[in-house]
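After this come two complexes, each holding chain A, first together with chain B and then together with chain C.
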Partner chain A sequence: MAKLLVVDDEKNLRALYQSELTRDGHEVVVAFDGQEALKLLDQVKPDLVVLDIRMPGIDGLETMARLLSRENTLPVILNTAYSSYRDSFLSWSADAYVIKSSDLTELKSKIREVLQARADEKGAQAR
Partner chain B sequence: MILAGGQGERLYPLTKDRSKPSVPFGGLYRIIDFTLSNCVNSGLRRIYVLTQYKSSSLMRHIKLGWNVFSSEMGEYIHTIPPQLRVGAQWYQGTADALYQNIYQLELERPKRVLILSGDHVYRMDYGPMIEAHVQSGAAVSIATALVGAAECSRFGVIETDDANRVVGFEEKPQAPRRPPGPDGLVQVSMGIYIFDTDVLVRSVSEDAKRATTHDFGRDIIPALIPAGRVHAFPFRDPEGAPGYWRDIGTLASYYEANMDLVHVSPVFNLYDKALPLRTHPRPLPPAKTVFAQEFEGGRLGTALDCLICGGAIVSGGKVERSILSPFVKVNSYARVEDTILLDRVVVGRHAKIRRAIVDKDVHIPEGFTIGYDREADAKRFLVTPEGIAVIPKGALLED
Partner chain C sequence: MDERPHQGDTEVVGREIFLDLLDRLPQAVLLLEDDGRIRHWSAGATALFGYPASEMVGQSVERLLSPPRSTAGETARLLAHARAGGEMHDLETDRLTRDGRVLTVLLTQTPIRGADGAHVGVLQVLTDITEHRRLLRQLERQVHQLSIVKEIGEALHGTMNGNEVLHLILVGATAGPGLRFNRAFLLLADETGSRLEGRLAIGPSDGGEAQRIWQELSQQPMTLQQMLSRYEGSLAETNRPLNDLVRGLSLPLEPPGPLMAKAISSARAVVLPARDPAEDERMLAGRLGTPSFALALLSARGRVIGALLADNAITGRDIHPEDLEMLQLLAATASIAIDNSRLYAELARRLSHLEAAQDEARRSQRAVRRAERLSAIGEMAATVAHDIRNPLVAIGGFARALLADTGQDDPRRGPLEVIVEEVIRLEGIVTKVLDEARPISPAGRAVQVNRLLEEAAKLLDRELADARVAVRLQLDPGVPSIVADSDRLFEMVLNLVRNAIEAMPEGGTLTIATLPLADQVEIRFGDTGTGIPEPIRERIFSPFFTTKPEGSGLGLSVARQVVVEHGGRIGVDSVVGSGSTFTVTLPTGIEADHGQAARS
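== the complex of A and B ==
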């Protein structure tokens, strides 16, 4: 079971992610904006962060940069309604880029993929 | 993107108050002038200089000396200290320096990025390398030089196939994996790369999330080799011979590279008009020699096999095989041999100096000697294993 920090400014979406991802076997902590996510980082120590991009205050790309400056190996999935950020070099630090949808199948599978890839890498290093 | 953050610990005390690219060279220049001149001579006029340690001297030099870019034409030279946008610390390695400046690449969105080092001495037109990069379809091209096999522990050793594709890379090995050619030379990376921008950004972004040394030679290049899109570009001079290139890594290599300029036909020709070396232009009065008393015991100002910069005065002393920087003064009966005197050094009467590097603003007292008694020198100054004494900037010497 992985601990996820999910950041989204929309209340309904936070509730959706909380219930769906919990049902998928994860422990889920939600944050309503980038500032709160940064505040929660040390306390929650997430295995992975799911991050919206367009949010009031510091946006998701900036939040990611600040999270990574503190935890450079932290896996991050950008989860946004817009595909345009995919071209921005600033988004390429993310482990995955998911276009938001009410169907969370893709997000769930990306979460598994990213966590698996990190676990494989750690295993390879240990060997 | 010019990496100019080098601390240059091994050039200490020349790097006591300045970064390595900002260390004076050849009387008039600073080390970074070689790379910047290459850029301008190659028609590359959109330049970021990534600085780090003790950067004020370098930033001042670039501001005063390299204000030759027209913003109206879209040209620029920007010195960028660490922005700490995506890192809480200063650059952890060469790849991290690029990673922390991805924002600049996002603003500019270039097709390709040329990554250079600010502390190399060489003259190179980057045009042919860029052309070869585009022609080859490589994602990354690395400029390579040839060095003696004994030196390979200082470099990244490159193995290529017949099509110049890089098939092996070893960072600073004790001995090359593949035996050197009949000439005893091995091909090494010059630390000069052309990247397709997307590959660069992808590579440094991924590397930043891993526990690596964040270094191009150690981490980025080896990870890209298996895909087969890393090519070598052997650096040659216009005649097709291996080009002159020096990584000024140590005080000895700094000394040798400077001294090369004093030879009758130096390997590095400062007088090349096709690819001129430029620097911060200063209004210097002419160099001057005085006292022509050619009789026994007379005062005879002579300079033989020397570079003499504007403002220097040889006033009754004798100088051989040396570099006299602006406003150096060598007084009567003094002898200076095989020595680099930086700006405003004054050599007092009857002083004797040989095999030394004297940093700026040092006054050598009357009758003082350097380079004749190694033990005595070593008590006062840093003396390299090769026996070169280095006097730090502004050092106060007593009789």
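== the complex of A and C ==
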């Protein structure tokens, strides 16, 4: 069971992700913006972060940069309403880029893939 | 007069008084016998004709009759008329003076009867009207001249076409009902005003052609107005030999040769060559093939703008003072017409420039407004679509969750499926809008050029290694942040690096250097590749220009586009065989607060 940190400024979306990702078998902690996510990082020690990009205060890309500067192996999935950031080279550091949809299938499968990849890497290093 | 008349001889006294009275009249008063011999010759007659009374009394009045006008038999007719008792008033006729001058006189006569009522003689009173007649004829001629020039002037005012104006001047100078010259030539000042150059001419090229033209005209006579209104296209074509001749003429104006100096100082039309001709007068007459020609200067606003030359080379007719007067009048009207047509053309040219500029301004204004509107609409649509997408995700997401928890037979399943479907439809619409209406304005945020280049090099690490290209970064730590769209800048760097890789098919070294300038940052991309030949260096930034078989030709044009978007410049130095260096200069823009670089 993985521990996920979901960052989104929309209350109803946080509720949806919490409910659905929990149902998918994850432990879900939510943050309402980048600042809170950074605050929760050490306390929660998430296995993966799901980040919205457009948020008040520091945006998702900036948040990702700061999270990675503290925890450079932390897997990050960008989850945004915009497709335009996908081409931004700033997004290239993310492990996956998902466009927000009411169908959470893609998000869920990306989470699984990224976690699996990390597990494989760790396994390889452990050997 | 101390001789007193005899007392009682009242008839003799009355006669003396009568004759004394006649002598006091300014007119010539003649008392004639019935046969025409002069009985009395008044002092006025002596003054008019120059003969003293002693010479004329007893002579026949026939002596005064002049041969030029047909006065033969006039005396006999007048005497017969008087004998029949008839009076004569104001008969206009000619008389000869003692020194041979012909006078025009008005003759009035009345018969004289004796005391018995018998016819004894004739009293003639002659009034000299020679000067009146001369003035009247001069006036008539001038009125005629003026009416011709006025007609040409009116035709000239009817057009603003420069060529047509020149044409009309020449037609007026040569038309039979116009100035009647055989040939006419127009010279106009060149742009600097230093020379008069031959422009247009009219007239037959030889006697044969003249004969033919005048024959035609005599069969179908035309008024001046008809001739002027018949604009038959270019004279240069229809009067070719003469126009070839005129275009070879060139007279110095600033400073003027002797010929021009003469024309300028006389201020009127002149006949040349003059009695004591200068060399250039003789030469010009020789070129024109004429013994003499008339020349009138054209001037406007205090400057000589041309010259009108005319001659009678075909008929050899003398150029009279009246012809010169007419030419001068025509030249004055022609000057105004030429000047007007030029002003008009200049005005038209400026107007069309203004209109073109205005059109251009209006077009670009419209384009800007349209672009602004589209951009505003685009941004608004993107914002709206984004704001709708988040709630849709929540609605649809929960509906799906509920649907998943609902059994196959549950009546709530249908409505939930509708919600899920409709949300899918709405999300599709939102995606479409967002794809089509991306925010256009480049995101201006502080970009650290050095870091951007480092990251780019890192990201392209694999690609560079595969191409056996070594990268040397020479980044000046003093390079400041610039306000730019980091994504676009990255695109530029990517294109320039890939271009360098392609220029070094055998591998090589790519040097990326930065340099801080006053309010700019300079970035150099130097490769050790094949170089760019001089002839195509200009074109390499054009879209779709490529020298590589697999290149799209867009790379460098995209790079330039990005540089232009940021108000910068891009250039290239290249040595064929040793490599190229692309230099990008970008303005730093307003120093942005680095910490505030948020997108929301």
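One rule holds for everything that comes next: the second predicted complex is superposed on the first by the 127 of 127 C-alpha atoms of A that agree within 3 Å, B and C clash if a C-alpha of one lies under 4 Å from a C-alpha of the other, contacts with A are read in each partner's own complex, and residues count from 1 in each chain.
Rule of thumb we're sticking to: a residue touches a chain if its C-beta (ideal position, glycine included) is under 8 Å from a C-beta of that chain, and two chains touch if they have at least 3 such contacts.
Everything quoted here is computed from the prediction, not taken from an experiment.
In the three-chain model built by superposing on chain A, chain B clashes with chain C. Touched residues of chain A were counted for both chain B and chain C, and C has more of them.
When the two complexes are overlaid on their common chain A, residue A:Ser69 makes contact with chain B while staying clear of chain C.
When the two complexes are overlaid on their common chain A, residue A:Leu16 makes contact with chain C while staying clear of chain B. When both complexes are overlaid on chain A, the residue A:Gly57 reaches chain C alone and has no touch with chain B.
Of the two partner chains placed by superposition, chain B and chain C are both touched by A:Trp92.
Of the two partner chains, chain C is the only one touched by A:Ser101; chain B is not.
Look at A:Tyr82: by the touch rule set out above, it reaches chain C but stays clear of chain B.
Superposing the two complexes on chain A places one region of chain C into the space of chain B, and among 207-215, 315-323, 459-467 or 549-557 that region is 459-467.
Residues 88-90, 92 of chain A lie in contact with chain B in one complex and with chain C in the other.
Every residue of chain C that touches chain A in the complex is listed here, in rising order: 385-386, 389-401, 420, 423-424, 427, 431, 434-435, 438-439, 455-456, 459, 486-487, 490, 597-600.
Against chain A, in their complex, chain B makes its touches with residues 84-88, 102-103, 105-106, 201-202, 205, 208-211. Residue ranges of chain A in contact with chain C, taken from their complex: 10, 12-13, 15-16, 19-20, 23, 53-59, 61-62, 81-84, 87-90, 92, 99-104. Chain A makes touch with chain B in their complex at residues 65, 68-70, 72-75, 88-90, 92-93, 95, 121.
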